[in-house]
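Notes to accompany the following structure.
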Amino acid sequence: MLNFADSVGEAVAGIKDGSTVMIGGFGNAGQPFELIDALLDCGATGLTVVNNNAGQGDQGLALLIKEGRVKKMICSFPRQSDSWHFDAKFRAGEVELELVPQGNLAERIRAAGAGIGGFFTPTGYGTMLAEGKETRILDGRGQVFETPIHADVALIKALTADTKGNLVYRKTARNFGPIMAAAAKHTVVQVSGIVPAGSLDPENVVTPGIYVNSIVKVA
Amino acid sequence: MLNFADSVGEAVAGIKDGSTVMIGGFGNAGQPFELIDALLDCGATGLTVVNNNAGQGDQGLALLIKEGRVKKMICSFPRQSDSWHFDAKFRAGEVELELVPQGNLAERIRAAGAGIGGFFTPTGYGTMLAEGKETRILDGRGQVFETPIHADVALIKALTADTKGNLVYRKTARNFGPIMAAAAKHTVVQVSGIVPAGSLDPENVVTPGIYVNSIVKVA
Amino acid sequence: MSIQTGIQTSRTPLGRDDLARLVARDIQAGSFVNLGIGQPTLVSNYLKPEQNITLHTENGMLGMGPVATGDQIDGDLINAGKIPVTELPGASYFHHADSFAIMRGGHLDICVLGAFQVSATGDLANWHTGGPDAIPAVGGAMDLATGAKDVFVMMTLLTREGVSKLVGTCTYPLTGVGCVTRIYTDKAVFLTGPGGVQVRETFGCTLDELQDLVPVPLTAATGA
Amino acid sequence: MSIQTGIQTSRTPLGRDDLARLVARDIQAGSFVNLGIGQPTLVSNYLKPEQNITLHTENGMLGMGPVATGDQIDGDLINAGKIPVTELPGASYFHHADSFAIMRGGHLDICVLGAFQVSATGDLANWHTGGPDAIPAVGGAMDLATGAKDVFVMMTLLTREGVSKLVGTCTYPLTGVGCVTRIYTDKAVFLTGPGGVQVRETFGCTLDELQDLVPVPLTAATGA
């Protein structure tokens, strides 16, 4: 049942210790900063976090890692010039890393939402990221077996929601939002605006409301 | 390289005997009738055709089957009240049928476009449509291994194209168009209108021009 | 409305419309639902606006409205049965892979399907008679049966020949294994699950009379 | 412009911009191209409008324009290097799975990548030094290397220590196996394929001098 939350705190209140949480965004574009801050405030810990990166600077996901809330990161690009909190925790052995090629990350998230139990992809074949994984030759190419990434909760950012939960995004801020919304049991969306059902052109809806559980408007 | 054809005949001229041809549409919605007629006229034979159905009445795909041009149908729902041409050819052993659950058909077409070598799905597990197929238990469910469906050519219908080949569709006529465009080596699109690049909102493009090879406007 | 345990709630068997009304009433408010072709389509006639049900059609739409009439008819807006329909405010369109991802990914709360047979363990047979001369056609039946959170079947309990369609083991080719959670028939509503087949309510017969018609052990439901 | 066989086309090694200009010139008109982070990004400065090249950025866009400046800067419009960019007429946006489907499905004509090492058989190493204390980060490198129809590498031929990056077998962890088709360096353009490593042209050295620098057998290209 779709819920419109009055605050980001209310929107993330149900997140439990030990949850797998997907967080949208690529760089700052599409990052649900306010929801991440609320997740930090709500105190949930022992989290597995799925994001393309592993936090930047002294904000958002980086703080969540710094505070020791993140048990494991599933991401494609943890190392950045300002990923010092992740770097320190990783070198100290205090956070586990599952490094996934970015396209495998996207496709595994998509697979979870689409009910696919696993798939073969050429990406990573013959590399250390395929070590220990099942491989086979298909269509004449070496391919690696990859499994879906499901989540308990997705925290994403969209531009506008309608009252049926349909979402549209803005430019490259769309990135992981649509596939994470479909892959999580419970999807929380921060938006800049909420409009009546019928205001969005049905041709242009990117995430149908069926994938959305909670919506909160942020300033 | 994107081509704008002057006629449907020109648009389908390169289709060779023995090709695998995907044809968009679900019922009459999104069916590229003019392109199918042109395919009939161009004389290509020994075709493998991928479509949700196997032709209706005395037009389009049904005629292609009647004329003996179709060696094999890959579809989910061949039997309809007016599928008499397919019915006759099938009972006479003159057309081969690969029957695929509709979601597996869509996902296999999508896999071809997305470079997936194969995937496991619960759909069909334990049924006669999984006989002879590899199965395994994943996420606690019996699943069937399915492989991508690639095509030499896709014939689809969209509402409007821009001069970069970007496409938008109309209502439920969208159906198979976007995934077939991505799964075929050569995609031919019939549209109602062609507009300058920049006329379609980049947020609302459904099929990016990278998937489109030839566009023809039909009246 | 409270549902009591395995009781006779009607003195006569239910007609198709009464059955559709019952299914509609049982669908939880806010649900996303796919109604199969045929008898299940009738359910849409009895959904109330305050239930806020969103209908999915697998050819690529959420927010499907009633069948189109007159000037509403638009060849580009059809349902899975290829009947012209309408769109409601808040509708959305998507391509076939995205539409089946909704079904296959477990996002639909309920799908309602017709059936040739349902087994005591929830196996469904509804796509193929298995006859030697029959041309098979499956469409989206297997995706719906396998993907929805709850699969409700609507059928008459008996064939025209008087044989139960609720069976120990399906003799028709299967659509899905162990997928059916409820069976709505003219004579009773059955719940299938690990605890065997339970009867929620009967129409025009007692539980004992029902048991005489059905070749699988029945128990009265202990709650629904 | 005709390219002759294994000839010296410049009396001096090429600078980064000259190399970028050369790569840009070699991209066929109408191509869909992904330019990797770093040196490959320079190529965009030398693409001519009449080439009608469409740039893809893996975070979710086709039709990417030049880097944004001043009022053009928009935090929601960035490239894979997280630099603000612009959109060109005919652009389109899509989510990450759709964007990587473009790469992984073999739809990009060319991607241009940097490299630590390339092997004689086209293996690419460009994502990880393999150092014991290095935190690995891969991003979209493996998808690009594996998915594009042609993978062009841009790199200096030698490391700062004077060791060839074109090698018999990569010692750094691989990004992709047998995926590189051309290597653009300051000293030569190499073609990799079943026929071994061929030299299309050299810059500031002869083929013999080049062979002295490189530990794999080179032959002059018989055509490009």
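Before moving on, here are some points about what is shown:
Each chain gets a letter, A, B, C and D, in the order it is written, and its residues are counted from 1.
Methods note: a contact is a pair of C-beta atoms (placed from the backbone, for glycine too) under 8 Å apart; a residue touches a chain by one contact, two chains touch by 3 or more.
Everything numeric here is computed off the predicted structure, so don't read it as measured data.
Any chain bridging chain B and chain D, meaning touching each of them, is among A; the list is complete. The chain pair with more C-beta contacts between its two chains, of B-C and A-C, is B-C. Averaged C-alpha coordinates give centres for chain C and chain D that are 55 Å from one another.
Separation between the centroids of chain A and chain B, computed from CA atoms only, is 33 Å. Centre-to-centre separation of chain B and chain C, using mean CA positions: 30 Å.
Chain centres here are Cα averages; for chain A and chain C they lie 34 Å apart. Shared interface positions of chain C, i.e. residues touching 2 or more other chains, are given as 61, 87, 93-94, 97, 100-101, 103-104, 147.
Shared interface positions of chain A, i.e. residues touching 2 or more other chains, are given as 107, 114-116, 121-122, 169-171, 202-203, 206.
Listed by label, the pairs of touching chains are A-B, A-C, A-D, B-C, B-D.
Chain C contributes residues 29-30, 32, 54, 56, 61-63, 87, 89-94, 97, 100-108, 147 to its touches with chain A in the complex. The touching residues of chain D, counted against chain A in their complex, run 57-61, 74-79, 82, 87, 93-97, 99-101, 103-104, 123, 128, 133-143, 146-147, 173-177. Those residues of chain A whose C-beta lies close enough to touch chain C in the complex are 1-2, 112-116, 162-164, 166, 182, 196-198, 200, 202-203, 205, 208-211.
Touching chain D in their complex are the following residues of chain A: 26-30, 76-80, 86-87, 90-91, 97, 99-107, 109-110, 121-129, 142, 169-179, 206. Across the interface of their complex, chain B is touched by residues 107, 111, 114-122, 136, 138-139, 141, 143, 147-148, 168-171, 201-204, 206 of chain A.
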